[in-house]
């Protein structure tokens, strides 16, 4: 009973589990724990024709689109949470080089839920009366067999791979996540492969001390990557705060294709490691983002 | 139009108006940006027992311990009442638990339909906007919802190019026919005034004008002949206490600066 | 901002929120944390015509049926987990005085899920080919609008009240539950009222230190009851082990109506308080059930 | 029939046979009683990397630190790999992740349909059984499932009174026509022998006879003319190591005593 370690480098994990043309779900906790490091590695490897799946992607999807990795988005919202529109997305969509499937947070959550539960669709009351039906073939109107009510059926989504950033994981893919969970639980269960990027790699014993905190069964995880600060500039509960300036500055850094190319070279292509990234970020900024006020959870007992 | 010389900014006026739409004890589905501030302001003033629900999977009933710029900021998770899944809070929305929600928009029409997806020009895509996020869900499933947006003629159009978030469609009876279980917009708070909806025809009605703005100015900046309510009032300005709280909530004026 | 305390006696909570004829969901964690104390109080108050909802009820439903409180069950399994059939259930069903709606664990979970999500049904792939359709009007066959697959539609269940036993709660209904959760999360969200019975009443600060551990939003909870040993003889993680002998002995104690009447007088009607119950149980038995091996959860930080 | 004089009990033989149906690394949905022991025995012998899933919302891949009588016993939660919702583990079942599951039954027929709900007598209800629990789900949605039960004529009937857990219905093609996405019973382990199913006709076939039992005895205790496989073997007895482990798992013989 010596299971194989799933620990590998970020570059190896992306190489193995994110082939060109793959359907990838990311940013499943919405504004928090967005797997930026993994997304940047996808850009460095210049993956092509990806379909990106997620509720609100904040600026991660925009970067992948700007780098030419993306053929299609299946998302509720693609933009910059605190500045509004995101420009690579706009350019690609307006030029017609990006296909978009328009979801709401509820429909994307039900699509992944259906995928997780192994059923071909889930019913919802949302989207009725909206034009989402015109730009999303995954939605159909149905009639409830019990009540006769009109409902929206949301077709299941089963991504090829889920990329999930967590606080801590053991090397076998048993991972703790806390904070708002978004659609992470269903995204993991719906996906054929799972890549975990984690702030810390810890012992199995630490994870086993709290099985309710585990985000998805470890036996379904394919790769575990140690990625300290791997969600920056988004926040990670227990590790660091949101770097608002990064989001605000990105507005101008992505406003034109030229500006974005420059940003990409500096922050992605020239960055070969997590150390490179932290050096670029600078000590002062890092200290500013670190937690200043701590609140430890009251322990619970799993004894017998 | 309100300016700093009036002692408050236009955004402060809008956020205050939004806050006043929340009654104490209500369950509020809180959106991004100005609505987030409006909810926090209400909590700190007249609606201390309001409960806030956030699409990220957060329920909280106390103000965050520190100013926040967005709902995912860690202080908004600190001592939250519940951290959970998006589908859990969407369940609370869909099953009718949410009293009121707030959404912004790029384009609105006379029946309160909102577009945050596609702006067309001569039949071709002119601007791709970010999309629904939770807005379509909130517009369809809250007991009522409130729209907050800039009041410009190109945004206030007779018919939106795309319905991201359903209002009253083409008027009375439309929501019922569409299968929506409840709700509809109850107010539109803009940079010039406040609109409500005729209870029978479901058409937008101007009910309140911001200080320094005229009805003519509003009509000129609305893309259809906006109807005016029988009783038209001037939007009450923020109180000193509301301004004090707002400036604590947004100390650097990121959202409410002039 | 001084919310009202929801703390009340068990008798008051049952009086207020479990009217005759109510649909009550209980035993939502399946074998663990079954709200026996609350069930016994329902018997003491001789509620009538209840509909009991739950996945596998172990022997709690059998007791309520034997005491004449129940008109109908909507459950996947009614019996005694380690001895098999339960006799009051058998007698009532065979004599035709009890109506039963036959679910599986998956269909009852989907029925409560639909209730929680506010949709009139949820789809599933189970029950197809089974006779559950003959004895459960909440199941209908439907065709998937996307794939043409045949599916089971499970009609939503929205109970009048959920009775949930937890480890700890504050007086406002914010409660921590850990261990296997069963269908508890959806049962709470689906129900119009919620009664929490808790091993311990703790400060709001203790609960707020770990919002991911909260089982359902406290603002929807109606009553909080301090019920130490309130799930005995079922186990409560962190508090006490399963009392196997109670389940084994119950087999004979319920084999005939006469034996059951005797059991009921001794263990329910003559018990006026949790102290009475513990006295009857005896110190030795209590010590035997207490946890001997402890395992505390690794803390997590919710700071900023 | 096997007895203590043979060095093992009948239950021990059945549990051992069940354990051997589990291949290493498989995902097993573990039921109550004998199947629970069978899984634990497999983990401790030839299938150390098997993963156990329990309907309560438990996933674990190590043996519990102490003997357990049922899956809800606290040692079965201790250092579990995942504690979660029933709907989560039902999702793993429904989406095809579960390789094998085990269910018991009161009545089985020649196509492996199981009844744990209603036993009829002359068209009237004779015995009300506890019902499906998770059995209907496991029989419908696992990649394969194994039935464990006592072998008596009144239990082995031509057609069950009620299909709680579907087997192969009335034969080849029935599961597909019923809409079941996969699966079917792969073995029936009884107190007298082991049956499998004809790959074409889907009818039950006797493949193995327990020590001390005759084919005649099995046919006499089966309510239809049970077909016999071309190759009929004697059920291998538990090894000494298997017995040692089993007695550690059930030290008081609650499940496996004579």
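Order of writing sets the labels: A, B, C and D. Residues in every chain begin at 1.
Note that in this section a residue touches a chain if its C-beta (ideal position, glycine included) is under 8 Å from a C-beta of that chain, and two chains touch if they have at least 3 such contacts.
These numbers were taken from a predicted model, which means no experiment stands behind them.
Participant: Compared with chain D, which chain's mean CA position is the farthest off?
Facilitator: So the chain farthest away from chain D turns out to be B.
Participant: Between A-D and C-D, name the chain pair that shares the greater number of C-beta pairs in contact.
Facilitator: If we tally the C-beta pairs in contact for A-D and C-D, the bigger total goes to C-D.
Participant: Averaging over Cα atoms per chain, report the distance between chain A and chain D in Å.
Facilitator: 41
Participant: Which whole number of Å gives the spacing of the CA centres of chain A and chain B?
Facilitator: 28
Participant: How many Å are there between the centre of chain A and the centre of chain C, using C-alpha atoms for each centre?
Facilitator: 36
Participant: Tell me, which residues of chain C touch at least two other chains?
Facilitator: Touching at least two other chains: 117-119, 124-125, 149, 151, 178-179, 181, 185, 209, 212, 237, 241, 291, 293, 295, 302-304.
Participant: Which residue numbers or ranges of chain D touch two or more of the other chains?
Facilitator: 65, 73-74, 77-79, 83-84, 87, 90, 93-94, 141, 181
Participant: Applying the document's contact rule, which stretches of chain D touch chain A when the two form their complex?
Facilitator: Spelled out, the residues of chain D in touch with chain A are 27, 48-49, 51, 59, 61-62, 65-66, 73-75, 77-84, 87-88, 90-97, 141, 181.
Participant: Can you check the complex and tell me which residues of chain A touch chain C?
Facilitator: Listed in rising order, the residues are 117-125, 138, 140, 142, 144-147, 149, 151, 153, 155, 167, 176, 178-179, 181, 206-207, 209-210, 212-213, 237-238, 241, 291-304.
Participant: Over in the complex, which chain C residues touch chain D? Could you list them?
Facilitator: 29-32, 55-56, 75-79, 81-82, 84-86, 89-90, 93-94, 100, 102-106, 109-110, 113, 124-132, 134-135, 141, 149-151, 178-186, 234-235, 237, 241-242, 244, 291, 293, 295
Participant: Can you list the residues on chain B that touch chain A in the complex?
Facilitator: Residues 32-33, 54-58, 65, 69-74, 77-79, 83-87, 90, 93-94, 117-118, 125-137, 139-141, 162-166, 169, 174-175, 178-181, 254.
Participant: What residues of chain A sit close enough to touch chain D in their complex?
Facilitator: 1, 3, 115-119, 174, 185, 189-190, 205, 208-209, 211-212, 214, 216-220, 302-304
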